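Sharing a structure below in structure tokens format, with a few things to ask.
When the chains are written out, they are named A, B and C in that same order, and each has its own residue count from 1.
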Amino acid sequence: MRVTLQEALDQLEAAIHEEGELVLRALRGALGALEHQDVELADEVIAFDDEVDDTYLAIEEEIQSLLARQTPVAVDLRTVLAILHVNLHLERMADYCVTVAKLTKLVEGAPADQTLMEAFDEMGSRAEEMIRVALDSFAERNVERAESLVELDELIDRANRRAVEQVIAISGDEERREWGLRMIIVSRCLERIGDHAVDIGEQTAFLVTGEFREFTDASH
Amino acid sequence: MSATSPNVDLQGGRTRGVWRGRIFYASLLLSLAVGFITLGTLVVQVVTKGIALVDLVLLTNPPSANPEAAGARPAILATLYLGILLIAFTVPIGVGTAIYLEEYANRNRWYNRLLELNIQNLAAVPSIVYGILGLAFLVRGIGLGRILLAGALILTLLVLPTVIIAAREAIRAVPGSIRDGAYALGATKWQVTWRQVLPSAIPGIATGSILAVSRAIGETAPLILIGALTYISFNPTIGGPFTALPVQIYNWTKLPNPEFKDLAAAAIIVLLAMVLLLNAAAIWLRNHYQKKW
Amino acid sequence: MVTMANAETELVRMRGVDQLDLAEREGRMPPPESRDVVFDVTDLNVRYGSLPALKDVSIRVYKNFVTAFIGPSGCGKSTFIRCFNRMNDLIPIAVVEGSVRYHGEDLYGPRVDPVEVRKRIGMVFQKPNPFPKSIYDNVAFGPRVLGMTDGLDERVEKALGQAALWDEVKDRLKDSALSLSGGQQQRLCIARCLAVEPDVLLMDEPASALDPIATTRIEDLMHDLKQNYTIVIVTHNMQQAARIADMTAFFSVEISDEGKNRTGILVEYDTTPKIFTQPSDKRTEDYVTGRFG
């Protein structure tokens, strides 16, 4: 029944997951460029963002068309609204990857702090894991798994605070001060990627329960 | 601002309307009673008079001067033949005309409107006029003579307008959506008429035709006029002289001997039975086709 | 060394739907301009006697598309769709002026046989109109009148299958078509059309007399049928057009002569997403947003 609606919804979800794959690739690339101070790779990451933006726009258009034509209700409507928000969060994540790549380019040649680089490595892995969990739990409509993102986000947040402390610690060294300041922004970008993943988890909960709620309060 | 509660006095009591209704109902019953009582009286009178004489003698003997031995065989046979010929003539002509008028004729043409007007009028013409017509044009005019065939033809003319009207009603009753559906599939006008319209209209046509025929076999005046003989003892043939049951009845009632009047009553019962049989056939046909679909 | 090119990620498989190639997704439907044209209408004017019904309509209907005509009542959409299979011929006072080309051939050419036209261009009506015959005979009617009598059983089964009705009626083909529900009857009418292997299916408000479940089934059916047929549908339910049509044409009424003349005109014709997300004409927008008509 309602073959066209179901097909359209299936295609939208497939597109979202494809966008998720693109974001993961962008993240990998940005992290790799950061770790190896690879400016060429960073350029590639920046150029790659166009692909993500194209997908983002295509999904936006599809959603507009679907809402106008199919007038979905109940779970179908929540699915479309959830996809609308997830689309936005994914695009923002990709933008943060671009920011990281740009910062990598900016600090080319500067001496790196090993502790921070290790921290970023960990934060990067955590962020990647969160994106996967977020998308998988969305596909599975698994609210419990989506809620587990809160704990993962907690880890990134702690790592972010440690990174800031580390930068404060090395700020005495003039040569590494600028590098440190830039790296705070990188850390912030990774932390924000984690937040967006949690937001995706909240959309999963909304889709399933019909209720929109923040997983944690602002004091966190 | 408060909402007033609705008036919940449900006892009613509008007496004027009620009495009008009751008077109306009573007058309906009265009309029904008049009809039934009159008819009932007639039937009872005839049946009590003649039922004793409805026997094999009546059915198989030719008429004779002796009431004991008199029968109405030639008349019964002739009425039967007339009925069959009537159906054979009126149905094709009547249905054909109806199809032409309903499906093919352009209503704006003057000759079609004239045709319609004539058919309406002819249905109301008294039967004796048809008798005169038959005498002038069929018996004498083209020289057919006073034969069964002429009688059948005259009765055909008498009954044709009714059959045409009944067939038209039946054809009109076929919904336009059926025609549209058939046309849309690529059927020609002929195919639509023959395969959809007519089959759907058959119950109505059959009912109308049989009712018209059952009225016609009771017609006396035109047959007398064209010379249905008063006394034949041989079995009638289509090309030969004839008499019919109504005529036979009429003649028996004219005879002085009261026993013949009883015989006439008996013959009336036979005629009534034939008419009832035909009507029953019409009802059966209608129900059979309606039940199917 | 990690590069963009080899940053492999695991494929996500969700619910059996493969990842779609972005290019394929964007090119899901080739633009209308590159499609085959089935009907090419130029400057079509239709009037009933002296009353104009449609004015200066020009439109192209594309192959294997569902094309919907929407608009307020009285805007001539039904009149227009009936031009495609020459059903307006059955209305004596209807006059069709202008050009309607079917695969390049003039539908109203002097030597064109309407029966041939309707063989290729079938029509389903608003109120289901099954013939008062068996289910089998309904579907077989078209082939029979068109002389396609070989392999009749297979034809009937195939048509009923295409209309998603076979499973429900395969054990009772001899039953009366009138014993089916409304939705089933309409699918039967669709099967009836499909049995003569048309090229185009015209549907004049096919679901307006049906309940929502039956309506959804008809809509799903159209989605399947358009793989093999070109479908044109008139609907007063614009949400239905939004759901199922690839192209949508919005008709409206033009009032002239101080309100005495109401004529139908084509206001806008475009892909359905465009009509319902960003119509070019304000009248279209007023109509689809429900602010008018």
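In this text, a contact is a pair of C-beta atoms (placed from the backbone, for glycine too) under 8 Å apart; a residue touches a chain by one contact, two chains touch by 3 or more.
Note that this is a predicted model, so its numbers are computed, not measured.
Visitor: By CA centroids, point me to the most central chain in this structure.
Guide: C
Visitor: Mind naming the chain pair that shares the most C-beta pairs in contact?
Guide: Contact tally peaks for the chain pair A-C.
Visitor: Quick one: subunit B and subunit C, Cα centre-to-centre, how many Å?
Guide: Here subunit B and subunit C have centroids separated by 50 Å.
Visitor: Please compute the C-alpha centroid of subunit A, do the same for subunit C, then give the distance between them in whole Å.
Guide: The computed centroid separation for subunit A versus subunit C comes out at 45 Å.
Visitor: Counting only Cα atoms for the centres, state how far subunit A is from subunit B in Å.
Guide: Distance between chain centres: 92 Å.
Visitor: Going by the contact rule already set, what residues in subunit C reach two or more other chains?
Guide: Residues of subunit C touching two or more partner chains: there are none.
Visitor: For subunit A, which residues are shared contacts with two or more other chains?
Guide: Residues of subunit A touching two or more partner chains: there are none.
Visitor: What residues on subunit A touch subunit C, complex-wise?
Guide: Interface residues on the subunit A side: 1-5, 10-11, 13-15, 17-18, 20-21, 24-25, 28-29, 31-32, 36, 38, 41, 44-45, 48, 54-55, 58, 64-65, 68-71, 135-136, 139.
Visitor: Going by the contact rule at the top, pick out the subunit C residues touching subunit B in the complex.
Guide: 85, 87, 90, 92, 115-116, 118-119, 122-123, 125, 127, 129-133, 141-142, 145-146, 176, 178, 189, 192-193, 196
Visitor: Show which residues of subunit C lie in contact with subunit A when the two form their complex.
Guide: Checking each residue of subunit C against subunit A gives 1-4, 7, 9, 11-12, 14-15, 17-20, 22, 25-26, 216-217, 219-220, 223-224, 239, 242-244, 272-273, 276-277.
Visitor: Report the residues of subunit B in contact with subunit C in the complex, numbered from low to high.
Guide: 106, 175, 177-178, 180-188, 191, 195-196, 200, 292-293
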